[in-house]
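I have placed the structure first, in the form of structure tokens, so that the comments after it can refer back to it.
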Amino acid sequence: MDFSGMNQAEQAHMTKVIEKKQMQDFLKMYSNIVEKCFSTCCNDFTSKALTSKEDTCVTNCAEKWLKHSERIGTRFAELNAEMMEAQQK
Amino acid sequence: MSFLGGGSRSAPSGSISFEKIEMASTELDTVTDFFNRMVSSCHAKCVAARFYTDGELNKGEQVCIDRCVGKYNEVQKKVGEKIQAKGQAQQGGSGFGL
Amino acid sequence: MDFSGMNQAEQAHMTKVIEKKQMQDFLKMYSNIVEKCFSTCCNDFTSKALTSKEDTCVTNCAEKWLKHSERIGTRFAELNAEMMEAQQK
Amino acid sequence: MSFLGGGSRSAPSGSISFEKIEMASTELDTVTDFFNRMVSSCHAKCVAARFYTDGELNKGEQVCIDRCVGKYNEVQKKVGEKIQAKGQAQQGGSGFGL
Amino acid sequence: MDFSGMNQAEQAHMTKVIEKKQMQDFLKMYSNIVEKCFSTCCNDFTSKALTSKEDTCVTNCAEKWLKHSERIGTRFAELNAEMMEAQQK
Amino acid sequence: MSFLGGGSRSAPSGSISFEKIEMASTELDTVTDFFNRMVSSCHAKCVAARFYTDGELNKGEQVCIDRCVGKYNEVQKKVGEKIQAKGQAQQGGSGFGL
């Protein structure tokens, strides 16, 4: 996105808006990973503690989600850069 | 979402720190979101049926729900630790080219 | 959550914010139960009225969701209280 | 979300009641949320396919959609009654220890 | 909904609120159709381009979603009109 | 959501156009929503498992993710065109009787 049409006061304000949204996105990603990894990994409700099998699954699941999101982020940024370049031609 | 930045300037003389309200409000949203997802997740694990023949939670469902809350909370802690471990890198690198 | 760091004006404002959010949460829970119970119970589209079987299912489904949410709420409050106590030690 | 409370104090002289706007806005959100969920639910019941071979709604789908709207609406009423019956208790007891 | 209880300034403000929400709804519908049609139609990840089979499926899927939403909108409006009439009796 | 209309009137002298901030903010939300749905969709297609035995993305998953981003983007364009084709009619006809 291009905020160059904004004056300094607006850009400063926009920076705050973006920071807030990044915080919210981060928290949303967090609760999403919890939900998804819980749903996939936890199926034993004979105790309230995680079994070691569930523990392993959750750890790996979270790890994979993070790497997955990161990779998508990189590819998506590349795609946006390409599209912006194409627009300027 | 609205009074960030500009908002603090236009705060009334009543000396309300909108920054503070904002933060408390985000915290509240986070807890609520967490809670709502726990309700859905534990319903899927403990209560969901293809047809509901009565409106009571039976003994088995009750026990399952109680354990589910504990387990969901453990998963939240575990995932939180994982994220924190690589959080800085992740957060700094985000913004996907905007 | 602990709002004791706030002055009176801020707490009053926060109370309004909380009231608004509770209203929104309530409405969200409502539409969520409708969606879930409809999806589970309604499978006969030969008429637009609920069949008596669907009617029973929806009534029980809503009843169970409400009791389920309530129980989770109680357990969750206990957990939060425990965690707050643990923090103060 | 922003002009609650503090907002009414900073209302311009144009005599806008932000309280009122706020309420209408919440009502609008509720109806929209309800509508969106109905669209998804009825799509799942009447239109969903594993592969889309054409872009038209056939007769059967059209009839199904019409009935689905009626039925979804009945479910909404029924659930509303159930919630109202125990609503007060439920709402008062919420806040899960925040 | 009935905004006749509002004064002119309030109605003008409300119109802006509604316009904004319609914009947001529209964008939400858009990304929802993308998500749903992608999930249903795309299952071949041996290339990043859409296969012609996927292309056909996505086009039809989007077309159907739009017609579906439109039809629900019409029926829903009728229902609301009926309910309003019933209230006034 | 809050400073629309009334908001522009109460803008501080710092000459901030809230209209502009608002629009940029909506654009940001749209891109973020799109991104989040792409993450979920591509996870379902490329990474989802019934049990996670390790925390690395293997070669096959990596390739699948890269293609998935390209494909998701194509679907977005295609659907965008479809919507635009009948967009005006659709948007004008909305509001479902409110």
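Think of it as A, B, C, D, E and F in the order they're written, each chain with its own count starting at 1.
Simple rule for what comes next: a contact is a pair of C-beta atoms (placed from the backbone, for glycine too) under 8 Å apart; a residue touches a chain by one contact, two chains touch by 3 or more.
What you see is a predicted model, and the numbers here were worked out from it, not measured in a lab.
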item	value
Common touching chains of chain C and chain A	B
Size of the rotation, in steps of 5 degrees, that lays the CA trace of chain B over chain F	120
Chain D-chain F separation of Cα centroids, rounded to whole Å	21
Centroid spacing, where centroids are CA-atom means, of chain E and chain F in whole angstrom	15
Chain B and chain E, separation of their C-alpha mean positions in angstrom	27
Touching two or more other chains - residue numbers and ranges from chain E	1, 13, 17-18, 25, 28, 37, 41, 58-59, 62-63, 69, 73, 76
Sequence positions of chain D contacting 2 or more other chains	1-3, 6, 10, 14, 16, 25, 28-29, 31, 35, 40, 46, 66, 69-70, 96, 98
Residues of chain D that touch chain C when the two form their complex	1, 4-6, 22, 26, 29-30, 33-34, 37, 40-41, 44-46, 63-64, 66-72, 74-76, 78-80, 82-83, 86, 90-91, 93-98
Complex interface listing, chain A residues touching chain F	1, 3, 5-7, 9-10, 13-14, 17-18, 21, 25, 28-29, 32, 36-37, 40-41, 56-65, 67-69, 71-73, 75-76, 79
In the complex, chain D residues that touch chain E	14-17, 20-21, 24-25, 27-29, 31-32, 35-36, 38-40, 42-43, 46-57, 61-62, 65-66, 69-70, 73
Chain A to chain B touching residues, read off their complex	1, 12-13, 16-18, 20, 22-28, 30-31, 33-35, 37-39, 41-43, 45-50, 54-55, 58-59, 62-63, 66, 69-70, 73, 76-78, 80-81
